[in-house]
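Listed below are the structures to be examined.
Look at the two complexes coming up: subunit A is in both, with subunit B in one and subunit C in the other.
Up next, the complex of A and B:
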């Protein structure tokens, strides 16, 4: 039985925020779930996937977020409850559909779960998806705890169904991935029968019709606002007339509550925690602003509450709201980038209230820093031991140097984004969003007529290729752009936890599905394509060097499975060791090539002997270092 | 002295690399690519074999001569030598497979047969165009490598690889003047490897070689036909001739000459002045070689092979010797101008 499917109402479980969301969906009777893997939202889909057989759910990994929202949208249009989950940038991808399905509406509850990533731990931007709720005019809920994540998701389905409008639930990394106690509610096992009744057509219309739908959307949002005025997800705690009101949402609420308590300011500082953040509950805000001496906005990423509440305050002036001091990102009291934490809120609060606070005695703090600094070396992110991308980037580094024409290398989103870093020999020079590697390469590849004669190479992984590279490849073919696209095919969606993709031969639920090969797609549209194993370093390098000389669009697939997938992990691994008699260490002709340049975490240094050695716990036995060792000192014991 | 950064700035970036392979065959940071060395990234060392061995970094000619011959040259044009003569293979089947007279092949076969060396590092080619460094151990392997290769070849790299891996036993090496120079630098400066295992160095006369881009040009012109032998007939023919398995193809010499790399244009050495003995053509006389005997060990081997009837000898006519001296001098003069023009200071910075 799945963890989130436990049928014991009232039982308290330790669940992550993402599991809370998934459990909420089960309690709401969700029937269809879709998504594209992306941190921090992947586990919402994975948890539902685990429960799919038990609850007769249809769960799929879609090729991208746009398709995912469309899949869920269609199910909801037939009256089923459907959920789609994605990371922040996924909302960019599906925004086209979002901006029309808001107008066309829904019959069954349709919930879009977004996982924002303050501090961009595993994202290329700190995009705040709350802005999409405002942009699309859809209701937005922001849970603060795993318990709330469950409750809000469940309620989001009811609200969505009542309004006939998609509803957004916004999580952030620290909520999605932290665990908290969740009290389970009753499960909803009743299955609805899909019905698609027309007319009226399911559409956002055009011209007059669009305006009509737009007007209906505003009416729906007015209804949502009315409901939000009394929502239990909005809570005030503190004195009746606080000197300072903290206005907060999401996990920032927990930081705020802790900070107020630590400073002992419960008698003078109040906290208004908002769970329904778009549309804003105006009357509730008017009431609390009227009693406050000043306002501090505590929220992550954009000043979303800050700007929208300030706009409301201007309206409230005509109703007698006096001048108020607003503090937050604009005033500099709250950082405008990165994640928040209790300490940052403490700093803002103690400054504003004139209370001194030092979390640690200064002497203890400096002694601590001193002690730690000696033990924690600075280190760069690195590919895992045995990662085929290391071999691929070494192949690319060599082939590009051999070519000698200073190729432009555009990167893309995946583990191989680290191709920008020393672990990828700094081969890549650009990084934006899914598909932007080959997309921008299409542009670089058309500048020859203006005298730009550098070869253009774009990189993507296999999953990213299916997600976002195909239209750009078609474009390159159609417009004869001079580019060589290298697909680093590790036969899985590596960075997000090995979810299958169209090339895997299996669906999310494990059903077999004929694999769609990158090379078949390329051949189908008449693009020259070759396939190499990056661990055959010399052959792959020669192939790449040769292909660099070509014209028009070309594709090289460097295929080798990720060693962390279950199937690969079960394989017997050869033992690798260093013959230190042969190892020439830091002498001319090596200079610790394996540990210093190749940089596999399993290639370590034997300091007393000043020779290389292998960390056999980490080593996957891939043999790349043995192939490249200039002294032939690294031995792979086959069948070891 | 220097390391990879100096190698890059003084040699590689000014296209003075001869592609000999001395630096590339054992270094993970330097690759041999189409007849030239490519630095992937500097290893971080300030001094290295790459710089030390390179025939286009500082050359201390007197030091190398003293080390090789025990004395300095008295002849500034042909270098240290004891005699210059004509020779050819006594066996007709050897001559038949050779570029000119088959002297080099005969000497190598003799050295192998007599156990003077265990292997010979040569430059073969499977298509007759692209060079392939080879360590030959048998008569057939030696003869398969007979005849001249015109493209730069990383043959010194093969010697370095064998020295480093402690393979190859006692070795003979056959190479162009720049390759011989690299090999002598290795023998003079390498401290760890057993460099004395290279027992015999046979130098080949060389006026220029071709960059790898010429390979593509020749392949296209020859339409895939396998080449048996390239040759440049004496002036005024102005031709580059390819004898292929499908007949003879003549190409304008000037077109071929456009592929001469800068590294050849700065070369001062036509007759492989640091070899144990040097061998080339005899201008205007087919089927014979000019031989310059230089070191004691070169002379001994040659004389023994001659005594055993492996090679036939004849005196070199006076006008032919003059012609050889003139050609060698011309190359030195041209090289000096080019070195000045390209800022190649490898002979000055001693």
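Up next, the complex of A and C:
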């Protein structure tokens, strides 16, 4: 039985924010769930996938977020409750459909869960998807804790159904990936039968019809605003007439509450925590602004509350709201970029209230700093031991060096984004969003007529290839762009936790599905394609070198499975060790190639003996170092 | 008990921070605490520093990140990572349990910088802490069948240390619920508990 499917109302479980969202969906009777893996939202779909058999759910990993929202939207159009979950940039991908399904509406509850990433822990942008709720005119809920994530998701389905409108639930990394105690509610097991009645057509219309639907959308949002006025997700704590009112949402509420407690300001500072942040509950805001001496906005990424509440305050002036001091991102009290935490709120509050705070003796803090800077080395991210990307980037580095024409290498989104870093020998030179590697390569590859004669190489993983690279590959073929696209095929969606994709041969729920191979797709459109194993270093390097000389679009698939997938982990690992008799140590011309250049965490140095050594706890037995050691000192024993 | 009680679990990506914090957090949930567990890192890529924050309270759900300088207990899977965390979250009252086995960063492997002598790092940790217990957890984990279970061994040590307001029995229950009666993880936990009492 799945963890989130436990049928014990009242039981307390330690759940992540994402699991809370998934549990809320089960309590609401969700029947269809879709998504594309992306941090921090992937586990919403994974948790529902685990529960899919017991609850008779249809759960799919879609090829991208656009299709995912369309799949959920269709199910909801037939009256089922449906959810789709995606990371911040995924909302960009599905935004075309979002900007029309808001007008066409829904019959069953339709919930879009978005995972934003303040500080860009695992994303390439700090996009604030709350702006999409405003842009698309759809209701927006922002949970603060895993418990609230569950409650809000459940309510989002009811609200969506009542309004006939998609509803957004916005999480952030800190909530999605944190755990908290969640008290379970009753499960909803009733299954609805899908019915699709057209006419009237399910459409956002055109011309006057679109304007009519737009007007109806505004009416729905007025109804939502009325409901939000009394929502229990908006809470005030503090004195009746606070000198300072903290206006906050999401996990920022928990930082605010702790900062007020640590400074002992409970008698003078109040906190209005908003859970329903679009449309804003105007009367509730009027009431609290009227009693406040000043306002500090505590929110992450964009000044969303800050700007929208200030606009309301201008309207409230005619109702007698006096001039108020507003503090937040614009005033510089709250940082305009990055993630918030209790320290940052403490800093803002102690500045505004003139109180000081010091958590430990200053001499301890400075001694700590001294010891850390004296002893602690940096620790950059590295490919895992046994990662095929290390071999692939070594192959690319070598082939490009031997080619000698200073290729432009465009990168893409996945573990192999680290191709920009020393662990990938800094082979990649660009990084944007899913598919932008080959898309920009199409552009670089057409500049020859202006005298740009460098070869163009783009990189993507297999999952990214299916998600967003195919239209660009068609473009390259159609417009004869000169580019070599290298697919680092580790046969899974590695970075987000090994979800299957169209090339895997199985669906999300494990049903067999004929694999769509990258090379078949390429051949189908007449693009030259070759396949190599990156651990066959010499062969792969030669192939890449030859292909670099070609014209038009070409594709090289470097295929080797990720060693962290369950199937690979179960295989017996060869034992790798260094024959220290043969290793010449620092006398060797290789300059400690295995540990210094290759950068595999398992290739360590035996300082007392001044020879290479293998950390057998970390080593996965891939044998790459053995192939590259010039002294032949590294031994691979099969079947270890 | 100090409320909230702030517990840190630190290590390197791939060392099993997530499981360790899940075990401690679940044991605390079992005993009726409000628990928040935060990771300083999306845990989506490996090899970097990883830190889990656990906050136990009888009053309310605290934020998933503890404020700087307010750690009460630190469970460290790697010596320099333990010292790094102390620099930010330590205070004169903190108690530390540390696995002294280094995991070398890329910066050391590439020769840009040297890994300090472990004994010196342990000295620095002692200077910044009220109490330090050094646990050869990787060796104990090998006894349990797999060196990678050092995380569960360390949790076992902590469970038996008396530093947390939690009964060792709650940890056993959580491990059995997750992995079953006969799992190597339960053996690792028991070995850790025995080590923690030594």
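The rule is simple: the second predicted complex is superposed on the first by the 636 of 640 C-alpha atoms of A that agree within 3 Å, B and C clash if a C-alpha of one lies under 4 Å from a C-alpha of the other, contacts with A are read in each partner's own complex, and residues count from 1 in each chain.
The working rule: contacts are C-beta pairs under 8 Å (C-beta built on N, C-alpha and C of every residue); 3 or more make two chains touch, one makes a residue touch a chain.
This is a predicted model, so every value here is computed, not measured.
In this superposed model built on subunit A, subunit B and subunit C occupy separate space and fit side by side.
Contact with subunit B, but none with subunit C, is seen for A:628 once the two complexes are overlaid on the shared chain.
Look at A:401: by the touch rule set out above, it reaches subunit B but stays clear of subunit C.
Of the two partner chains placed around the shared chain by superposition, neither subunit B nor subunit C is touched by A:29. In the superposed model, A:105 makes contact with neither subunit B nor subunit C.
Note on the composite model: angle subunit B-subunit A-subunit C, taken at the C-alpha centres, equals 90°, rounded to the nearest 10.
Of the two partner chains, subunit C is the only one touched by A:178; subunit B is not.
Set against each other, subunit B and subunit C touch different numbers of residues in subunit A, with C touching more.
When the shared chain is aligned, subunit B comes close enough to touch A:593, but subunit C does not.
Of the two partner chains placed around the shared chain by superposition, subunit C is the only one that A:254 touches, whereas subunit B remains out of contact.
Using the contact criterion defined above for the overlaid structures, shared-chain residue A:605 touches subunit C, although it does not reach subunit B. With chain A used as the common frame, the shortest Cα distance separating subunit B from subunit C works out to 10 Å. Overlap of the subunit B and subunit C interfaces on subunit A: residues 597. Interface residues of subunit C facing subunit A in the complex, by the touch rule stated above, are 12-14, 21-22, 25-26, 29, 32-39, 41-49, 61-70, 80-81, 83-84, 86-88, 90-92, 103-111, 113-116, 120-121, 124, 127-128, 138, 147-148. Every residue of subunit A that touches subunit C in the complex is listed here, in rising order: 12-14, 39-40, 117, 121-122, 145, 147, 173-175, 177-181, 251, 254-255, 257-258, 262, 341-343, 346, 359-361, 364-365, 367-369, 371-372, 374-384, 415, 418, 422-423, 495-497, 592, 595-597, 599-601, 603-605, 615, 617-618. By the touch criterion given at the top, residues 397-398, 401-402, 404, 425, 545, 588-591, 593, 597, 628, 630, 632 of subunit A touch subunit B in their complex. The part of subunit B that touches subunit A in the complex is made up of residues 26-29, 31, 33-34, 38-41, 43-45, 47-50, 164-165.
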